[in-house]
Structures are given as C-alpha cells and as structure tokens.
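To start, the structure itself, in structure tokens.
Which chain is which? They are A, B and C, in the order written, and residues in each are numbered from 1.
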Amino acid sequence: MNLITLTTDFGTRDWFVGAMKGAMLNVNPDAILVDLAHEVAGGDIRGGAFSLMAGYPFFPKGTVHVAVVDPGVGGPRQAIVVQTANYFFVGPDNGVLSFALARERIKSIRRLENEDYFRKPVSRTFHGRDIFAPVAAYLSRGVSVEAFGPALTEHVTLDWPEARVQAGKGRIEGEIVHVDRFGNLITNIGAETMRMFGDKPCEVFSGNRRLCPIAPFYGAVSAGRPLAVAGSTGFLEIAVNGASAADWLDLGVGDEVNVRPWIKSR
Amino acid sequence: MNLITLTTDFGTRDWFVGAMKGAMLNVNPDAILVDLAHEVAGGDIRGGAFSLMAGYPFFPKGTVHVAVVDPGVGGPRQAIVVQTANYFFVGPDNGVLSFALARERIKSIRRLENEDYFRKPVSRTFHGRDIFAPVAAYLSRGVSVEAFGPALTEHVTLDWPEARVQAGKGRIEGEIVHVDRFGNLITNIGAETMRMFGDKPCEVFSGNRRLCPIAPFYGAVSAGRPLAVAGSTGFLEIAVNGASAADWLDLGVGDEVNVRPWIKSR
Amino acid sequence: MNLITLTTDFGTRDWFVGAMKGAMLNVNPDAILVDLAHEVAGGDIRGGAFSLMAGYPFFPKGTVHVAVVDPGVGGPRQAIVVQTANYFFVGPDNGVLSFALARERIKSIRRLENEDYFRKPVSRTFHGRDIFAPVAAYLSRGVSVEAFGPALTEHVTLDWPEARVQAGKGRIEGEIVHVDRFGNLITNIGAETMRMFGDKPCEVFSGNRRLCPIAPFYGAVSAGRPLAVAGSTGFLEIAVNGASAADWLDLGVGDEVNVRPWIKSR
C-alpha cells in the first residue's frame, strides 16, 4: 500500500509540506501522497487530532496516516508509529493521533528510534521532514513497525469531551468541538447518543437560549435560518442555511449546547 | 483514463477534500487526483461554474471533472453525470457544471441513482464524499454512464451574461465575472467579440469613466498603471501592472464595463 | 524521472495551478506533480526564489523544479531551463531560480524558444500554463535540454544579502529574509557562519535591543518566550515558543539583526 496521508499545521504558504513530500518520494518514489489538512491552527494539537479523526477512515486499508502538529519538536516528546487493525499512524506522541486511535484496534505502538530510517542530519525543528516523512515512506514500502524502535505499551491521549445524557432532565449536554470553513458548528453529540430521543422532533439550545430545530438537511429550513443536522462526521452539527452559524449565532469551540425534545408550548 | 479533477467550495482548512480523495482511492487505487479549485466561496455556484469552465479544457481527453458546490445537498436537487465528446462531468444539477457544458458537445446526461456506486451510508450533508467521489472513481475505472441511472434530457443551466455589441454606439458592453487572486478583473468580453474593432486601439470604460487602454501584456504599461489584456481564459481582463486592479479601480464581480475605440481628442 | 515540483504565486483560489497540471499531464500522463509553494505573494520574485531554495533539495535526483513568479510575463524577459548536476529548473529568467541555482553546479542553461514544446496558442499572460508546464513535462519524459533552445552563458541573479562577520566587534550582522506561517523569523545567518562563536552561548539583538538567547529547540524556553534556533533551512531563525515572533517582536523581512556572545553582566 503506497498511500500516505498528511495532516499538519504547516499551512500552504511555505515549502514545509513540499519538503516532507520530497523526503517521502526520496524513500519511496511510488508513494501516493494525499493532503488531509494543513491549515490546522499553529500548534493546535486538538484541532489536528480532530481533523485526522474526521478524515482518516475514508482511506483504503493499509494507508499510512502521518500527522504533524508538533510544538514540542526537538524536545523530550517521543515520536511514534502505531499499527492498528486497518492502518498505520505516524507522528509525535503528543495526542495528535489519539482521537483517531480511540476508534481503532491497536496492534502495536513503537517509539521511532532507529536512525537508519531518518533523513540526516536530523534538524531540531522539522521532524516532519526528517523523521516522520521518511518513516512513513518506509512503512509504505512494507518495512514492519518492529524495525523502527522498541515497543511501547501506551501513547499520550487527549481527553475527548464526552456528551452527557441527562436522562432526568430529558436532555443531552455537549459542546462545540470544531468550526468548519462554512462556519458550521460541529458538536460532540454523536448519532447513537441521539437515539435516546427516538423519533421525537428535537431542538438545540445554548444554555436556555433556543438555537434551532433539528432538521434532515440544510435546505429544510429557509435561507438564513439556523438548523442542526446529523453531520458527515457522525456528530450533530449546527448550521445556518446559506450562511455561517459561527457568525450568526456567535458560538465557537468549547461553547456548550444541549438537545431537548421539541415542546409545542415552549 | 485514471485522471479526476476536483473543483469545490470545501476549502483546505478541513478534511473534506481529503475525505473525497480517500473515497475515490477506495474505489480506484490508480486514480490520479488533481485539484482545480477548492476556495470557491461557500455556496457560490456561479463562482464554481466559472472556475471549472476556466480550468477543465487543459486536461487530457477522458478526464473526469467533479465539481461540488452544493448548498442544496440532501434536498431535492438531483445529482448527475454528463458525458461529452471529450470528458465526463459529475456534480449536483444546480448549474455548477453548466458553464463548462455550454462549451462541450453533450452525449449523455444521467441521473445518479444507482446506489451500488455510492459510499454507504450516504450522509445528508456530504454527497461530495458519499456520491460524487465514488461515482467519479467508478467512471475513471471505465464504468459507463448508463450504469449510474436513467437518462435525462436536460440539466440546470445558469445564465451567462453575454457581452453586448452595440454597433450603433460603437462599443461593446460587458461586465466583470471574476476577480482572481492578483486582483485582475476578468470580464465576459471574449476575444472573438473584440474582433469588431479590428486593429484599432481601444480603451475600457466603467460607464463614462475611462479606466485604461488595451495593451498586449502587463508590462506594456508602467508599474502601477492600469491596462486591459486578452486574458488566458479567452476574455478581456483588466489589470494593474504590479498591483490589484480590484483595489485600485474599486470594481468587482457584476460591475459593468464597456470597450470603445481610442479617440485621440477624448 | 517523472517528478515535477511547482512553486508559484498563483495561489489556490483560482484554477491557475490546476490548469498548469492539466497542461503537464497532457504531455506526460505519468508525471507526478508535487506542490512546493503557491502562496508566494503576487509578483514577489525574491519570496519565490527563497521558497524554491528552501524546498528543492529534498527531492530525488532528476526532479524537474518549475518556478513561476512572473510579473514580466508576455514582455521581453526570457524563459529558461537550467540543468544542474542534480536537477532541472524551469521558469522565467528573472531571478526566481537564482537562489537555488547558487547552490547547484550548473551544467547547461537554455533559452526556451522551440515552440514545438509549447502549448498553442501561447497566451501573453499565462506562460506557466502555455510554456513552463509543457516544457517541464517534456523534460520529465526525457527530452534533453538542447532541444528547447539555444545555450545561454548566464542567467539573471538576485542579490543574496550575505550575513557579515564583524570580527572586530565580535558579532555577526544579518537580516530577516523570510517570515513563515508560524511567524518565525528566518535570518540569512547560516550555521557555518555561527561557528565563529564555537560553543559560546549567544544572543540575538535588533540593533542594541536584546531579543533572545540562542537555544537548541522551541521548547527550551518557557511558553511565550522568544528564542533563536538553528532552523531547518540551515539558517538561524527567531521564534517565540507557542506564538508568532513576527507579532511579538514586531519584526519582518529586511529588518537587521545581529548575534553576539552572551555576556553575564549585560
């Protein structure tokens, strides 16, 4: 499997992503390189972890996923490769891989230590190019994870803010975990959690401020009206038909929302 | 022909384009994926249609062009594939394909209905990943358009604002249809229309405000001076040598301009 | 070697880069196309030259590097291909190739003149698509540089601002040559120049304003504190741990900095 995806905070203004790709193609000229996301905010490990989680499952089995949001580069943080039942994940061990790994069955975690698989000299500021890129390319050539370094029993995980089912209050409490380019507000409230309401029509609130009804698709409400939909990442997502919900509702990452059944008299 | 191009309003901040590519590579691991434009303004069908029209003809015969600017996703708008003499076009039937199709000889239009060629489950918000990407990948593997669904006799078209030759007034009236990243103002006045002036030197006006002469290339006027050139899309384009015409002339999409022969005494 | 890299100021908002890739794939369907940088500021030849220099060496021997920052397109500036010991470089002869070429052993410089290798008709505003793209693709197919046009003995070079070793004052004087997406300030002070200080701890100044110590990696100082590191391009780089040095220190391209040994009593 020659397929490698890249998720970074390197942006596309500079040559950083290009240099990583060059380093990969030096090792495996047949590698197929696909950008997942590069405009993760600088140093935003959580944002990178979310983008990776949202994008990785759509790739063929055996794909190597590299994620480099690495503010601790050059310091004591470790570099790892993780083999799961379906994929390989390569990156700094700072949690950027952890949201994706939480959804995978982990088979092996290895510390990247064998310098035979690094580009030399290894800089202190750009392990994306000097360590993660060549390691990913060797993986894509079939080098087994054992070759890269000693086994680890765990990896750094970020806390995922679980949505809370408040059965007594008849509501689900969650928060906004991502704002996408359209200004849609992606929450942490998953489709399976929503099943507690069965087929009842529901509404989304910010505290006690009524935000919008849940609807099947964007165009189910009039242009300029807010709604919540079952989003493409599996989470409830607040949108405004034809506009930015982030702007119109003045909400962002970390803001709490809750879902309640629709009550006519409210 | 394994070549697929992508034109979307998904931006590059999120994982949307990457997820589409993963879905394509799942179906056709040999697909070659080329980005045409992803920073079309959110929901700007006309902007997407223009970008597709401007970029598609430079690809080899047989290329599959996917365009997803799809504010009506999940609603009643249809999804289509169009086979022309040279290419395949895949996208929502909302006009985003129509400027390109107006320049092609259409051989077949099919509604995308056969779920065998969809990724499942199909979300209500991301048909780019769940319908258009896999369909494009199947097309690139040689599946014929008949397989995807029933024939249609027409598709949705956007009005193209035709430039008007005002022979009596001795002028051509048109408007600005795109502002590019340099701030160049691309008009709807095509090269063939301009032939009415023969070899006469001409000038461009906004109403009766004289904007600039027509010149052969950017550097034909001094730095900081405006000019109009025969642009690379086949349309007359207003530029400022070394600066943004949009900023300097304070003009944008929809603003009217007209071309007149240069008169010494004016 | 089917590998071609692209460095341009075309941005990713429009179809320009996509059209170049289409023109390349028309000539060589097996070409592997890698973006190096497209968000070079419009017309910023020096910025393009720096990005190319920073990214090109990480690609396999034989790679074709195309750089198109070309405000003089359509005018008298020449178009060239340069073969070096390791690579091919294609672009306008305006200096955009020169920082990279200064690090390579040049074997041949040719003017692009043979229209057999151009896309026709050749526009006056987009030689990226009509000349540089097809020429690069023919090179990637193995066409030798002699085929493209007559030999030249020189090419246009931009002045590189060399850092100055002021042995008498015990300092190195340089300037900022690039600000990256993180706000890191990349200087022109190379690793080998820094050797004059041996193992002495050093500090960076702006005039006589003390900016920061030199440290081994970003996390070697507290969050929010400035430091300078040996950057991944081989140059000293001023950063702020977890923030933008450009914003915090209010410095940018062209601003002078100097390095002095650390003195306790200062």
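Couple of notes before you dig in:
Criterion: a contact is a pair of C-beta atoms (placed from the backbone, for glycine too) under 8 Å apart; a residue touches a chain by one contact, two chains touch by 3 or more.
Since we're looking at a predicted model, the values are computed, not measured.
Under the stated contact rule, the graph of chain-to-chain touches is complete, every pair of chains being in contact. Comparing the residue numbers each copy contributes, chain B and chain C share less than half of them at their mutual interface. Inter-chain centre distance (chain B to chain C, centres taken as mean C-alpha positions): 31 Å.
Each of the following residues of chain B touches two or more other chains: 12. Within the complex, the chain B residues that touch chain A are 10-19, 21-23, 25-26, 29, 33, 42-43, 71-76, 119, 123-126, 129-130.
Interface residues of chain C facing chain A in the complex, by the touch rule stated above, are 3, 5, 7, 12, 32, 34-39, 51-52, 54-60, 63, 178, 180-183, 216-220, 229-232, 237, 241-242, 244.
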